[in-house]
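Quick heads-up: structures coming right below.
The two complexes that follow have chain A in common; it is paired with chain B in the first and with chain C in the second.
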Partner chain A sequence: MTAGFSKDEIMAVATSRYITDGDTVFIGTGLPMLAAYLAKATHAPNAALMFESGVLDPRPRSIAKAVGDPRLVSTARRVSGMLDSLLMLHGGRVDLGVLGCAQVDRFGNINTTAIGSYQKPSTRLPGSGGANDIASLARHHVVVTRHNRRTFVDKVDYLTSPGHLTGPGARARAGLPGGGPVGVVTDLCVFGFDPRTCEMVLESLHPGVSLDDVRAATGFEVIEPPGLGETVAPTATELDILRNKIDPEGVYL
Partner chain B sequence: MPSTGIPERLVSVEEAIAAIPDGASVAIGGHTLRRHPMALVREIIRQGKRGLHLLGWNNGIDMDMLVGAGCARVVETSYVGMGALGLARNMRRAVESGQVETVDHSETTAIDMFRATALGVDFLPNRTPLGTDLMTYNDGLVEITSPFTGQTYAAVRGVQPDFAILHAHTADVHGNVQLDEANWYDNSVDSFIGRAATHVIVSVEQIVSTDYVRSHPRQTYLPREYVTAVVHAPFGAHPCCCDARYGYDQAELRAYYEASKSAETFDAYLTDRVRSVRDHWEYLDKVGVAGLLTAATRPSVTQGAVQA
Partner chain C sequence: MNPTSKLTTLAAAAGLVEPGASVTFSGFGHAGHPLAFVRELIRQGTGDLTLHAIAECWPAEFLVAAGRVTRINMSNLMFEGLGRCRAISRAIEQGEVEVDDHSHLALSLRLLAGAWNVPFLPLRSMAGTDLARLQTGVRPKYARLPSPFDGDEVGAVAALRPDVAVIHVNKADEQGNGIVYGAISVIDAQVRSAKKVVVTAERIVSAEEITAENQAVAVPGIFVDAVVHAPFGAHPGGMYDEYDEDLAAMSEYYEASRSPDTLRDYLAARVFAFSDHAAYLNSLGSRRLFDLLADPTLKIARSAS
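Coming up: the complex of A and B.
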């Protein structure tokens, strides 16, 4: 691992790059929130953050306090409720969601329900929560996860939240409105999705990470694409914002 | 105008919960670790209920505790977890050993199973579970086609639980149940749950006069038309938070999470916190005034609540 930044920091920075200025982004606690506030502090000042609690577009005086307790947000454009935040998703008003996973396959399908058989799993996980809703309804979403063979599987044991399902056209045939995943950010690399096959394709390796490292951690074939680059490292400015303004207590980082 | 003739519904926790038979379906209000009706949950355990079908939309310590106490046969919701603390360990053990059956939902299908009944219809269309294993294993989600556009939907079957248990802020003796103006709006789904069940039991922080209710009509979220029994249970959501009234009891939640790591340590927790105390009031004595008021006066509660 390259000195200068941690795995969480490069994951937060890589995730923040998916947020375009002006987007409405559905945000959960933890790393997605750091990524979102970082994006707003850098290239996406007009991005509107939507929290599952129903807070829309907060302008907290202290980001650190807001990250510590997302409810301490004053000056939001709207505070409504959890049902309303889901309505924003249903109405197609959410441009981007950020999701974690216990298992993910090459099409970005996610399992957060059960490892092994559904009726008698080897590991029972919490279940969808709002993840299925986000994956089904957001215009696009990004998956953020640690990278290992337990997680990156050939086929998820239970499909909780839809990626591209079985491939091109599958979401539309199933009747799903949202566009599906556009990227996967891990502590080793960044994946995009090939528009022709809807499968994960490697976009960049983090500094100090080799293709062999990624293959060793992935349960499906990882092809070396032409022009495979290195993930742009977090800049000094981004690290300063993350460490000193967003999460000075080191709650998440 | 006098209130004579309108039934009074205020009963003790014991009497309210005694109405629930083994094998009943019981819907539980609240979300993750927020405003679950924990005093009512603990009484269900004390009374040794068995074989319950639990329903909710996003659950945590409420369902995990009932599962760990052996009260549940089926768990139906979108989520059972302990939030930032980690997994719901009793739930995990019970499902992994085949003791408890699960019925999985997305958040919106979990909401819609109650909302359908609240609307007086037997299903509602939803697109979220399409193409996923939610459809495969949940027979309350069936693919249909719109008669107008041909669009594929999942029909979400409406549920009519035998009982609903909820926690709120104020109620009068007739069962007009209210939430404070300062509330997180987290639990708007409670009002659907309260409109879907046959018998609705609501514990509240405070019993108020009907005059108070009539002076604050916008706070009434479940009028008496829907409510079977009202229970006075201050700190009735403890250790969950309860909007602006009190925050999470972090120490108690951590102690619970620690205790849930094995069936033996959890049984000791249940003996200490549930079985050895006669009722909710003795439970509050056991937690202690210092513990309760620490939760009640945490800064995030007083500064962060939404004011209407």
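Coming up: the complex of A and C.
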């Protein structure tokens, strides 16, 4: 805990601010789910959540522990299957995706497949799942991850899900329809992307975090933008909703 | 004349999977996996399998733990809330199992292409990434081609035809028309693309009961070769509208998966120790199974709500 909120709490709150009222948001479990519920409980009551399991627009009575959780399935407005949900995404109907990662580079390219070589990795990770589809096809997406040098790397060992690939124009040349990442939320700061270079650029530091803290935890050069601000701290209302309404059992917080 | 029943035993149905076959299973997260079937398949010793694994983490993990898998065409294998599938991760890290990675949609569309009997289907995801670039399969999975209509380039994924699909359903009639409540994951494409289909069912019901809810039939009986009655057939995972996952039993496996030695002990005690599924359920006891039953309104066990 720093200054009355935890790292997970400021990450959930900062992520929720990317969700606009009326958005269709493609998410998984964990912090992204907390962020989406928080947005629905505050500024985006008309956001609809979509899960790769085929669950659309659930209003669960208690926090779901998995994407296929009965708590989601039994309160969704529609339940179908993976082809149905992912082809709606393919058709361009998803406004925002929220993704985690094991490695991310300065263009927002993500690795969730393997650390080391692909065929004989030092650590085999779960794989893409729907993440590549979301990063390829959603209008935009946000990356949420803990901040350290193992994660923020110069080059990802395996490029699972596309950020801005090699820079300006690369996504369009590859034939990717979605707009790519617009933000990276960590436990230290929030990054945006410079539209000219497509590289990650520091947007705000969380309260109590210094630029040196971020540099020490990042494996590529962190550029200080003019007028670097502080991340707006979670409000008492946001913290109350997160702790007492969304996750009172402390499943994720 | 009544239609012929496809009802058979778990042992006979598992015999449809031959050594070296390619197999795909139902299941997503911790629910809907045909694990009674998987335990029987492990007991029969069938090996050298190729898996087309989209979300069936438990069947894939059990079969890899038992050393029965050579290749996996996969998109995502992990245990939500627990962590990595340790036997699978270890086997890949040690080069014992070969993998070819896909996005969920890519692997789903490969099965759908097989189901539709077309050589490929177009796909816009995977472009520009290592999922498209690194192809380790016997045949390529991904290519790019110009649209025949406007010349614009688009990605394409190659059709897959699994030898066997094994699908666990809430209820089925004796011809294999199966109803699945909740999300169906990819079973529509799995059933239609596979050369043989096995349905394991919590309940075997009359044709009239299936007809009364015919919009919920996810598995058309015309595709099905064998039907097996397998109550609690997804244990230690759950089955939507039937029972919750057995968290204690899942944790027992997950702890055992930390090392090959403890895994061997687990398989001996929880798979090989029983001659069949009935003996497995007996070992759990009716009290434990009863406590897992889902409340018909909340769809979760009372103890978990």
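In the analysis below, the second predicted complex is superposed on the first by the 234 of 253 C-alpha atoms of A that agree within 3 Å, B and C clash if a C-alpha of one lies under 4 Å from a C-alpha of the other, contacts with A are read in each partner's own complex, and residues count from 1 in each chain.
Operating definition for what follows: a residue touches a chain if its C-beta (ideal position, glycine included) is under 8 Å from a C-beta of that chain, and two chains touch if they have at least 3 such contacts.
Just so we're clear, the structure is a prediction, and the values are computed from it rather than from any experiment.
Peer 1: Aligned on chain A, chain B and chain C: do they clash or fit?
Peer 2: Clash: chain B and chain C overlap once superposed on chain A.
Peer 1: State whether chain B or chain C is in contact with more residues of chain A in the superposed arrangement.
Peer 2: Larger number of chain A residues touched: C.
Peer 1: Output check: A:211 vs chain B and chain C. Expected answer is one of first, second, both, neither. What do you get?
Peer 2: neither
Peer 1: Applying the touch criterion given at the start, work out whether A:83 contacts chain B, chain C, both or neither, answering first, second, both or neither.
Peer 2: both
Peer 1: Output check: A:232 vs chain B and chain C. Expected answer is one of first, second, both, neither. What do you get?
Peer 2: Neither partner.
Peer 1: Is A:182 touching the first partner chain B, the second partner chain C, both, or neither of them?
Peer 2: In the superposition, A:182 touches no partner, neither chain B nor chain C.
Peer 1: Is there a shared patch on chain A that both chain B and chain C touch, and which residues make it up?
Peer 2: Shared contact residues on chain A: 29, 53-54, 69, 71, 73, 79-83, 86, 90, 113-114, 118-130, 132-133, 136-137, 158-162, 165, 170-171, 174-177.
Peer 1: Mind pulling up the chain A residues that touch chain B in the complex?
Peer 2: 29, 53-54, 69, 71-73, 79-84, 86, 90, 113-114, 118-130, 132-133, 136-137, 158-162, 165, 170-171, 174-177
Peer 1: For a test of understanding, state which residues of chain A touch chain C in their complex under the given definition.
Peer 2: Spelled out, the residues of chain A in touch with chain C are 29, 52-55, 61-62, 65-71, 73-74, 79-83, 86-87, 89-90, 109, 113-114, 118-133, 136-137, 158-162, 165, 170-171, 174-177.
Peer 1: Which of the residues in chain C end up touching chain A in this complex?
Peer 2: That would be residues 28-32, 54-55, 74-78, 80-81, 84-85, 88-90, 92-95, 98, 101-106, 108-109, 112, 123-131, 134, 136, 144, 153-155, 182-189, 238, 240-241, 244, 294, 298-300, 305 of chain C.
Peer 1: Can you name the residues of chain B that touch chain A in the complex?
Peer 2: Those residues of chain B that touch chain A are 31, 58, 77-81, 84, 87-88, 91-92, 95-98, 101-102, 104-108, 111, 127-134, 137, 151-153, 184-189, 300, 303-306.
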